[in-house]
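We just call them A, B, C and D in the order they show up, numbering each chain from 1.
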């Protein structure tokens, strides 16, 4: 395979990128200055060396290779509260931060497929249980918010997490909660699905 | 104007119909049997005579012209509970019924624009207050659910309704509630707006 | 069925209208003045009486019931040229007129499905042949433009029409032509399908 | 700026990529094996060294650094005809090849903006004129097809090219042609714009 096709096929593995856009990326790079291509190549090459996965929340963060830091800036922040927000992926954290939440996080790394027998293979289940037990034992945990998507797979994952966390929560007295369901901002009653209306009725206030 | 253009311009007033689709409607009718056109014309002509607006909830319902019935089937149903669900329009009721709710309704007929000084011109405000007072005085009202859209104009209308209903509610002891806000079914955290995440956090359970 | 549902189901037969929009049409009419409903009902009821299908081109046009006119304004216009533009439906004529063409028309009333054995059941084939023979015999026809859609079914119909018209054209000496294929206005080479590029190459000038 | 943000901002420069998708690309790479990141980095780094821009048609092609080849496989192919297809960009060539055309190409590298005074700054105008003169002088050119987009800017560029090529064409006797305009495959008369119908009428056959 020639280098243009090789690079095209590497871009095709990017999320949401088809053959046509992959080819356009390569044309874009061919038309760019060599110095910019080098900058991009280096940014990708050293991405691993310049980032670490936080030992507490498992999100990726920038590290200085000289000073070995194992925790991300949020996990190191002493001003953060003792509420743990469990999310599916790194990108969720940015969105939750934007809503004003200032607690701690844990990145599950995905959801558990409905058909799967082995929950621990799809998400960081073991790591979450260890994290929760440690924090709770040190009186650093008042609540775990299960911040999963309002989808069938998200609900399935949430139920499994609740089941696993409940025995720990009873012993170490912290709350387990889920995000409220209801009308999302901008939605109209006429177009809402029955499930959402039912949730909005149940959570009316 | 010729009859084809007249009918086209009448169809153009239909919600969501532009000139091209209006013309297609006319072509469709020209190609139909005269008997079907007559059936449609009669259905439109006698729509007023064969329907009534319910005196209690203000939704439109089918009436038998011989037996003068002033209330729709929901308002006549003795099995319905004493919770009043206030909606913007008739179509909302179908959707709420589908969610399993079995109380009573009141159709506001719209929302109040942000800039408007005269709330009563846009919605059935006076009629709602009379309805609520009457029902509450007869001990037939335990709660008013303000089922407005989760939009700026819906929120504006909801605040005005709360303000007007609160004095009555205090005297006659019924609850005033709003639909819960949060993640709607199917939504993912990554794409949720900060406002929705904040609502989902506030209504977490 | 009640009148609201009856009218809803009649609107559901309109081209491109689903149950939700059909219901919205009925709500729109319920909210309108009775006089407007009557106006619409009459426009539909008398549509047949106030329109005729042109005896020459088969498009629908407005007629005065008192003066029996059998031809539409285009077919009556002596300034029109002797080129006959064959179209699938009435709406096509408006579009062709907008392009500046000032000849005559014939409305086929559809296209012939690929699988059909009986061409004459789907379009006004016999009527077209009579029209063409009459016009040509009177020296009022120099060309027939087969203005069908650039779709598989349009091409299939065009081929059948060519086959039927060719013997007449040879005897009575008029041209048979088809609309040029190529890049349509606004299209870019990168997104054009191979067939369109080939056509654009063949018709290059 | 940290390495995650640096790489995000580099991906944001990719055509059609916004901040959200750029961040997803970085998350995708963080989750990948280091070996794959290295492979991608190398493919980008050596893209320049392993490709050349063809000296005759200016498209990018894979080169073996050891054997210095200056012409792409199409320009080296002796079986290709003497028709020169002028395109805007590399991606157009793939599409034209798919249509079965087997002549030669010239990549302009863009179009000339309507407001621009300096045509030569936006496209390879000088290079095209040299190419055409050389080929024509060697009797290797029978026709130049101006394969520009059917857009306002494409038309503007085509007119400028015609003006520049005409004096050369008269002296060296080759044809200058443009892609045919008309109905593109799949389009229906009802939805065609007046300009396209006019073109389809002018190019009828």
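What we mean here is this: contacts are C-beta pairs under 8 Å (C-beta built on N, C-alpha and C of every residue); 3 or more make two chains touch, one makes a residue touch a chain.
Predicted model only: the values in this text are computed from it and were never measured.
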Chain of greatest Cα-centre distance to chain D: B
Centroid spacing, where centroids are CA-atom means, of chain A and chain C in whole angstrom: 56
Chain C and chain D, separation of their C-alpha mean positions in angstrom: 39
Of all residues in chain D, the ones touching two or more other chains: 89, 91
Touching pairs among all chains present in the structure: A-B, A-D, B-C, C-D
Touch list for chain C against partner chain D, complex: 87-89, 91-92, 95-96, 98-101, 145, 147-151, 154, 177-190, 192-205
Residue numbers on chain C that touch chain B, as the complex places them: 2-7, 10, 14-16, 20-21, 23-30, 34, 36-48, 50-51, 53, 60-62, 89-91, 94
